[in-house]
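After this come two complexes, each holding subunit A, first together with subunit B and then together with subunit C.
Up next, the complex of A and B:
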């Protein structure tokens, strides 16, 4: 594979016109990746998900460069449930940016951005930096509250296969602004490796609501690296619906850099078949009086595997921190597996931090209770599972999006 | 300094920091095959034992020191250590306690461990280990009547070689991690316990470890076998003199419980923790592992960790037999510059196995405390159950408290519950106690003892009292 990727990288540099300093940066990142390779289970953060092995068993030969893709005849379907702004990526390339519902000068979009040097100890981020060609950076101006949500459509055409796609989006919310974002992707029946990086900067008093949705069924392998910086008195709501891809890892790093920031991070992992999904979170409490709340629920059937790794870090400056983390898993089948590593790393004394983690099957007494009221075994089980997941969905504060997500998960009529 | 201040100062110091001036026999410095042969030779070991050691040493050459732990420390020069040190008077082992060097007896008296049986009213059988050798074992006769074997490891290798050969290295194989393998190669002494079928050991068995010589590593090895339907409660205590240099202590403890047997292992660890600026102290890198081999067997670990500059250990249970039970109760206290990375592993292999983990961590001063634990339920371990609770208490904002549990569940019929909290002593609690006439230190001692109560309750009576005092002393001067 190594010779192939080197060849691809050469071709990529020749094809795109970068400045010499950019070429150097990309080469540095590329060498960093070559040195480390795809992460394997010997790396602590990948202990429960050996990506190197997963890629090898699912994708025979990985291409890092995609040419000759027919874009014209691809029919783009968009969400009809609510009005929204769009950014559409097709095979990792920006196809369309549409902010019809917003005032013109309030959102600034920049493309073909140069990458900066950053020190992230993560080979996949290096890979992303090496291969990303034109990424979007957009800024929501000071005090502007967006009127409609924004949806990122990440579409793949059916003729793209065994390819590595490196995509990057940077969003800057200036002080006092607000934005709701939804991530969506289409079902694609070919094995691809999608390496998505998103950086968010949330200014003072700004609010970001982010909904990452991975539904349906696809053999894709996805890695999402999210870096979110919060300023004073800002708020982040983050929701993950993780159920569609063959493998998906959401790697979320949030930093509460200033006082009174708050984070509500909720996730649902709902798997069947041989899917393997992981949510990994790191919440850095760096200043006083910040709050973070995490709730992850996981339902596993067939031979699926769910992983949750969460870490709350509290700096010695961050007194009066309130940190909470709960992960619960339902293992409905003999061959399912759930692994958790909820971590606390605390250097301040006046804090309230706790975590909980449970895993097991459905309580038979509850099933008995429902069956004695006339439901069948299957119905009872389904009702209990839906109720279990419902708690997480109820955390969503954007009503329209909540209804949309309930529809996607088939939970809209239960209650 | 007036007398009261002096008194207070004395109290805060490490009570067991004295050095016994006694002549020693030592193996030449350094870790090599000759040292191992020296140890084996001086102990008059059979050939299989030497082979075991050499095999471990060969393996050790291939291993690297692990470095994933949280407390980092300067590299240990294994060639600059003495691997064997024994009081000279032990050269010809005394037949009875009367022949024991009076200086040794004096040492143990200072530690509060009277070895003379007649002085012992509460009936605890003690094996005292001084540097590398076991110096005395009490109440032997009485135990032998019931068929219980309680003696030093060296003696067991001579007299009960069949048992030792069968079980030594069966729970911690010589191919285990670096420190365990090092121990297998150079271990000097320790305790050996065998409880025959159906016997309930009538008294607490206890070992007292003391490191006296400087630049010595203590590598003791303990092996406890509880045969079918038996029960034993075993206590372990340890101290060391105050020295500026760090000393290494890498012990291996293996427990084996057969069908219906129960082993209760309690530790009060009070090695020298180093001075207020973090100079000196013991590196306590211990491998403790219990195997619930038979059906309905039970192993329970209770530990009170207050000493050592660095504590790095995970007493574990392998629950192999169906219906077996593993328990882990721990209090770990770090003050000044102490560091601890401790916890447990519960590996569920058999059906209907249960485990319970209660861990209480208290950190003060500039110390760092870590709970790291593994709960692993394998695919075959139907109807298994685990409950884990880790609470941490922080005193001051220069210390750290961390929790890293690894939770693996591969069985849908099993249940795992884990919870952890981190907090400090609230001002309301302190105010309430002070209002009723306690001073700050008394109030804190009371609250902390309440915080630890669940674990202290698990200790045998005599130990519980000692441990409770220890908890108070360890935290003295940490507030204000």
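Up next, the complex of A and C:
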């Protein structure tokens, strides 16, 4: 792989026109990645998900640059369930922006060519920085509350195969603004490695609701590095539906940098076949009176594997912190695997924190109760699984998006 | 309708039922009384198809071998068990469960399934009959229900599903007098010439409201005595100790 990636990197630098300082920055990142390579299970953060192994098993020869897009070979199907703004990405590059429902000049979208130096110790972030170009940076202006949700449609053309795509999106919510974003995953039936980095800055009194939905079935391998910075009295609602890809790891780092910030982070991992998904969170409580709540539920069948690693860090300045996390897994047969690693690291003394993790099988007495009312075993099981996931779906506060997500998961009330 | 011949049942190698015989005809109400551990709940579990028992003997329901059928097939045939301890099913809306249940049964019988409006109409009527607060049906199934509400919910399900044979497993335990009356009225309203009830109870008090045709005393895995309603009254006076 090493000679291929070096060649691809040279070609990439020749193709894109970067300044000499940018070239140097990219080379530094590239060398950092070459030094460390894809993460493997010897790295603590990756002990349950050996990405190096997963890529080797699923993708024979990985390309790091992609040919130009053939726009004609795909079709866009947009969501009809609710009115929304849209940004359509094709192979990670913006194809179309539509903010029909918003006021002019309140949302600024820029294509950014240049990266800044940052000190994230993560080889995949280095890889991303080395190869990313034309990434999106968008800003919701001060005090502007968006009227409709925004959907990110992520499409891959069918000619993209065995490719590594390095994509980046930066979102800045200025003070007092608000935005609801739905991130719809890439649907592509080829084996690719998608390395997405998202940075969010949530200003004072601003509210971000983010719904990340990975549905359907795809052989793609995805890593998403999310960095979210919260300012004073800001709020983040983050929901993950992790279900469609062969492998998916959502790495989420949230920092409550100033007082009265709050986070509600909830996720469903719902897997079949040989899928393997991980949610890893770090919530940094850096100042007083901040709250964080996390609830992750995992339903596993066939030979699938689910992982939740959650860490709550409470700085010695962060008195009066509320930090809670709970993960629960339902294992529908004995070939499934669930790993949980809850961690609390607390340096303040006036805090309320808890963590918990449970895993278990479906309750046969409950199945019998439902069957005695005429439901088949499968129907009963489905009803219990739906009931198990109900609690976490109810955490979604945008009602229209909640109904949409329930429909996607087959949990829509018929009532 | 139901015929049980020499029924023996073991669980974890312990024999619970030791040759039980019972016949129930349409239009009849049978009460089974017995001390703790006599096998009352085992009998109701076996009739409704709970797994985990080693069973010998013969049970037929409308001339069909009942023991071969899955629990849901028994429900489709018209057997209903009001659970002694109704299970709490978190996250499942009671109305949705009821609708799924009635439509599963209707579908199995080749009848037309109820649409949302027909279902709501039925629910409205049945809950009014049972003086059951409809609001409770929009809550999660049995979650946070009081003991009485759970039992009434069982009776509501019974009245909606309109079974041929209803087995009430200690439905009267834990009910206050008013709830007991409501439950009894539910049974009496449903009672007709075509259906039958098997009421399992410790006490005679339910039988003051639902007058049985037959009372059986179950002790040590066998029916040791059968009689009319007066048997229940005698039992209440003497206790189970004197029945040998």
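Side notes on the structure shown:
The definition used in the following text is that the second predicted complex is superposed on the first by the 408 of 415 C-alpha atoms of A that agree within 3 Å, B and C clash if a C-alpha of one lies under 4 Å from a C-alpha of the other, contacts with A are read in each partner's own complex, and residues count from 1 in each chain.
Simple rule for what comes next: contacts are C-beta pairs under 8 Å (C-beta built on N, C-alpha and C of every residue); 3 or more make two chains touch, one makes a residue touch a chain.
The model shown is predicted, which means the values in this text are computed figures rather than measured ones.
Which of subunit B and subunit C touches more residues of subunit A: that partner is B. Shared-chain residue A:19: touches no atom of subunit B or subunit C.
Applying the stated contact rule after C-alpha superposition, one finds that A:352 touches subunit B and leaves subunit C untouched.
With both structures placed on the common chain, the touch criterion links A:366 to subunit C but leaves subunit B unconnected. By the touch criterion defined above, A:384 reaches subunit C but does not reach subunit B. Judged by the touch definition given at the top, the superposed model places A:332 against subunit B, while subunit C stays out of reach. Shared-chain residue A:375: touches subunit C; no touch with subunit B.
Comparing the two interfaces of subunit A, the one with subunit B and the one with subunit C have no residue in common. Per the touch definition, subunit A reaches subunit C in the complex via residues 363-366, 368-377, 379, 383-384, 386-391, 413-415.
Against subunit B, the residues of subunit A that register as touching in their complex are 44, 316, 319, 329, 331-361. Put simply, subunit C touches subunit A in their complex at residues 48-51, 70-72, 74-76, 80-81, 83, 86-87, 89-93, 95-97, 99-102, 104-105, 108, 116, 140-141, 157, 161.
Listed in rising order, the residues of subunit B touching subunit A in the complex are 68, 379, 392, 394-424.
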